[in-house]
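In the two assemblies presented below, subunit A is common to both, partnered first by subunit B and then by subunit C.
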Partner chain A sequence: MPLVDLRNVFRSFRRPDGSSVWAVNDVSLTVEQGQTTALIGESGSGKSTLGRLVLGLLPPDSGTVSFEGVNIAGLPRPEMRRLRARLGVVFQEPYESLNPRLTVGAIVEEPLIIHRPALTRAERRARVDQALREVDLDPQVADRYPQAMSGGQQQRVGIARALILEPSLVVLDEPTSSLDLSVRAQILELFGRLRAKHGLTYLFISHDITTVEYFSDQVIVLYLGRVVERGPTPEVLARPRHPYTQALLSARLSVDPTVSPPHFPMTGDPPSPTAFIPGCPLVGRCPLEVSECSKAPVPLHAVGVGHEVACIRA
Partner chain B sequence: MSSLALSRPGIVRRNLGLWLGLAIVFGLLLAGFFLPLPYDPIKPDANAVLEPPSAAHWFGTDNLGFDVFSRVIAAAQRDLPLALGGALVAALIGVPLGLATTLKNRASNLIMRGLDAFQAFPLLVLAIALVTLTGNRLEMVVLAIIVIQTPRFVRLIRAEGLAIRESRFIEAAEAMGASPARILFVHLLPNVSGVVMVQLSIAAANALTVVAALSFLGIGVSPPTPSWGVMIQGGARLMTSGEWWVSLFPGLAVFLAVMSLNLIADELDIIFERSSR
Partner chain C sequence: MLSVRDLETRFVTRRGVVYAANGVSFDVGDGEIVGIVGESGSGKSVTISSVLGLIRPPGAVVGGSAMFDGTDLLKLPGRALRHIRGARIGFIAQNPFGALNPILNIEAQFANVTRAHGRADRATIRQNALEMLKRVGIAGPERVLDGYAHELSGGMAQRVVIALALLLNPSLVVADEPTTALDVTVQRQILDLIAGLIREGRRSMLIVTHDLGVVAQYCDRVVVMYSGRVVEEGPVATVFTRPLHPYTLALLRAVPRRGEPIQALGGRVPDLLSKPVGCAFRHRCAFAKPRCESETPEIRPVASTNPLGRTVACHLDVEREVPALAAG
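What follows is the complex of A and B.
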């Protein structure tokens, strides 16, 4: 049984002018225990909305969101709150995700207060010390306020808070994209180390292909709220089959300046997010387009072991 | 030694206005309770009627022979605690209500619509009716202050709280399974405490003018009891005949106290603004 199982999930948002934006459009996906699954796509592709759906912070319009075999979409609030002990999240903006009026110690301790009421104060403090040490922070920072720390340190506090209850799933919502490049590498290394030590399952949301390549086992490529391609990360990145994935990969810069990435021509802008798209969402931008593309939704089909793509030309 | 003191301004020097305001308000309050008065504020002297300020009567005497200085000081004992207490109770009721209305549910809508209907009444008139109906005692003025000030706290806290609710750290708290009460009191409340303090001093200043206005109108006062509003009212008729001191000194006392409370509000606003950066 996969740890997370989304079936035919739809989620739209109503805009003030009355039109609807389809943020997530008929998405089915799974996250396997012990693996790191990456969600990749440009901004507006619905990847953060998917993260919130998995966390139960947003209800889907239709479809099921299962966590450990339980559909969380219809769960009563008290049960959902109890279940949250097994769900961790690290947000993109480390500073904004920490309450400026609480000390670092109080921030990291909070999940324990909520979900481990039997612990004494001293036991909680010991667990907080240990959690801070695990993310390479001096336990003495517990008395400080987040404002007095660097971005990298703040993100370590966020990670300590997400992991203190040893959750079965950790959603990482672009956890490194607001950090400096050097700090980014350290934080990724920390995520890797914690994963190896505790056997963590990550749902890693990113727009950065290089990070995904380095960090994930499975990759799911999203475009306009739909899954366009998915499979084992090395396979998908080595042999991308969907034109959108190919375009995404060709936009990547190589570390070797003599190697120019394969050029893949993609023209135009993405369509309006409120527009109804009967067929493939890439219609109008795709160099491989044929008249069939705009007629009906394109289902995912297998092109390799665990490798699926939603393109009739692939 | 002195250069060190200059390079590192102390807490008093940095927030001079705040400390000045606090000193004046608490000075008036303490004087009202503990300052030995030269004359009994509720015993008139028939041989000293309408005497101008002199060494014997610093602020003069009024048309009944009361010593104005003694009564101005004694009035602080009643007027200030009424105003401060009323503002404090209004905050204690208004802040939790305001926090509760940031939850997007039916009850919060109900509270807000109720507040709209309530605030559609002229509040001072409502206050007068309230005090009169509850026995015309000065203590009931506290009730009037609460009625006037509570809706202001509710609206302010709701406005601030709704903005803060959109913060990532609130979403993080929801994601970890914090209860609504925990989100309100652990996460929202500390982030609005600054504006609560500011509004508290504004409310106290406003409440003081309400106390004065009500007693000026003769609401809630029982005569020999000194109150600034009653004294201003009593002296108003005498202004035209040249006996300016009867109204002027209680007027100055109200002015001083209101200014000090506003000074405290301004300074707190600056301090909390600075610390939230």
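What follows is the complex of A and C.
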């Protein structure tokens, strides 16, 4: 049984002007225990909304979100609370996600106070110390405030907080996007080490294909709220079948000046998120487009072992 | 084209004086695209803001020169500098929506740029604007001219900013992270567009970026900055394939590659609240010597690569020791 199972999930948002944004449009996906599943897409792809749906922070308009086979919609409050304790999350902006009025120690301790009421103060303190050490912070930083720390250190505090309850699933929502290159490498290395040590399952949300390639086992490519391609990361990135995945890969710029960038196949910007799109969401930007593409939604079909693509030309 | 020497810029803050640029020197040759690369706090953005006269109190340029076509930009009064900026030096900012005026339609912004540097009647301005918008790949330029910035997507807005920057045919274009705010599939199109317009017009460009891929693929030469100083400078083709400063090597190694353990650079950039003495990178450098602590390394030509114009600021015997570090 997959750890997380989404079936035909829809989620829209109403804008102040009355129009609707279809953030997640008929998405089905699974996250397997012990694996790192990447959701990759640009702004408006629905990747962060999916993260919030998986965490139970947002209900779907329709469809089901299950955790270990249990539909989390309509769970009674105590069960929902127990579930929350098993889900960790690390956000993109470490500073904005840390309360500036609390010390680092209080921030990391807070989930224990809420979810582990049986622990004594000394036991909580010991766990906080250990969590800080695990993210390579000196336990003495517990007395400091997050604003006195660098971005990389703040992100380590966020990771310690996410892991303090030993969650089964950790959602990483663009956890390295706001960090400098050298710090990004440190944090990725840390995520890898924690995964190996605790057998963590990650749902890794990113727009950066280089990081996804380095870090994930499975990849799900999203465009305008729909899954356009998915499969094992090495397979999908070696043999991308959807023109959008191909465009993402050829948009990547090698740091080796002797390797010239591949031809970039796509034109234009993503359309307005409020536009109703009856067919393939890539219509208007796709080099392979034919008239059938705009008529009806394109379902995913298998093109390899575990490799699926939603394109009538693939 | 542009020759910056010993630039020093400081900011006075409540926490003390921030030494943001500490003796920065580099050149941009005719027809060259030069990239300034560094992490946050490296002084890369402060450097171009200083050159363009965009530093405002509590910041100040306190030393150095920036020669552009025989004129020292740092000594020019505000009005004269504004005249060069826009007409002979075009500027492309990171956030197009911050660069465009939200309450004027796009045509009025073309009129403002044109009229700040000369006279033109309305019909000519519109004609020139339409032509520029077509050159930056905007389909339906009439509609864009009559509309406002908020009606544009990020990619379209940045195309308008590029059209405005190139409107008066500048010989030098300065770009500050011009695609960082855009989606990946739009970034590549905008970079191809900018580089194409620069090459085809035989212009020069100075581009500030944190993205090593942008430098590797679009620049002729690279200036690597760390802690308000240039640590290495030279042709991209040799600097990125055979880095000579330990920091450049570490940056290139921090790029994740599947199947290889990631080689993270430990530590963090020093704060700039005291004027750095010695090499600012020494705390993170595996090869630091006692001398690196006491003596600031001057930027110097590298003997055997001198015809290629490479320079590096490091006390190591970089040609021998850094390749050994890279190999081992």
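Assume the second predicted complex is superposed on the first by the 312 of 314 C-alpha atoms of A that agree within 3 Å, B and C clash if a C-alpha of one lies under 4 Å from a C-alpha of the other, contacts with A are read in each partner's own complex, and residues count from 1 in each chain.
Everything that follows uses one rule, which is that contacts are C-beta pairs under 8 Å (C-beta built on N, C-alpha and C of every residue); 3 or more make two chains touch, one makes a residue touch a chain.
As the structure is a computational prediction, the values presented were derived from the model and not from experiment.
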| item | value |
| --- | --- |
| Overlay on subunit A: subunit C relative to subunit B, clash or fit | fit |
| More subunit A residues in contact [subunit B versus subunit C] | C |
| Subunit B versus subunit C as contact partner of A:Asn99, first or second or both or neither | first |
| Which superposed partner A:Phe91 touches (first subunit B, second subunit C, both, neither) | first |
| First (subunit B), second (subunit C), both or neither touched by A:Thr120 | neither |
| First, second, both or neither for A:Ser291, with subunit B first and subunit C second | neither |
| Subunit C, subunit A and subunit B - angle at the middle CA centre, rounded to the nearest 10 degrees | 80 |
| Which of subunit B and subunit C A:Gln186 touches, first, second, both or neither | second |
| Overlay on shared chain A, then closest C-alpha pair between subunit B and subunit C (Å) | 11 |
| Of subunit A, residues touching subunit C in the complex | 42-43, 150, 152-153, 180-186, 188-189, 192, 207-211, 213-215, 233-234, 244, 247-248, 250-258, 260-261, 264, 266-270, 272 |
| Touch list for subunit C against partner subunit A, complex | 39-40, 153-156, 183-189, 191-192, 210-217, 236-237, 240-241, 250-252, 254-258, 261-266, 268-269 |
| Complex interface listing, subunit A residues touching subunit B | 55, 57, 80-85, 87, 89, 91, 93, 96-102, 110-111, 114-115, 158, 161 |
| Contact footprint of subunit A on subunit B as seen in their complex | 167-169, 171-179, 182, 186-187, 190-191, 193, 276 |
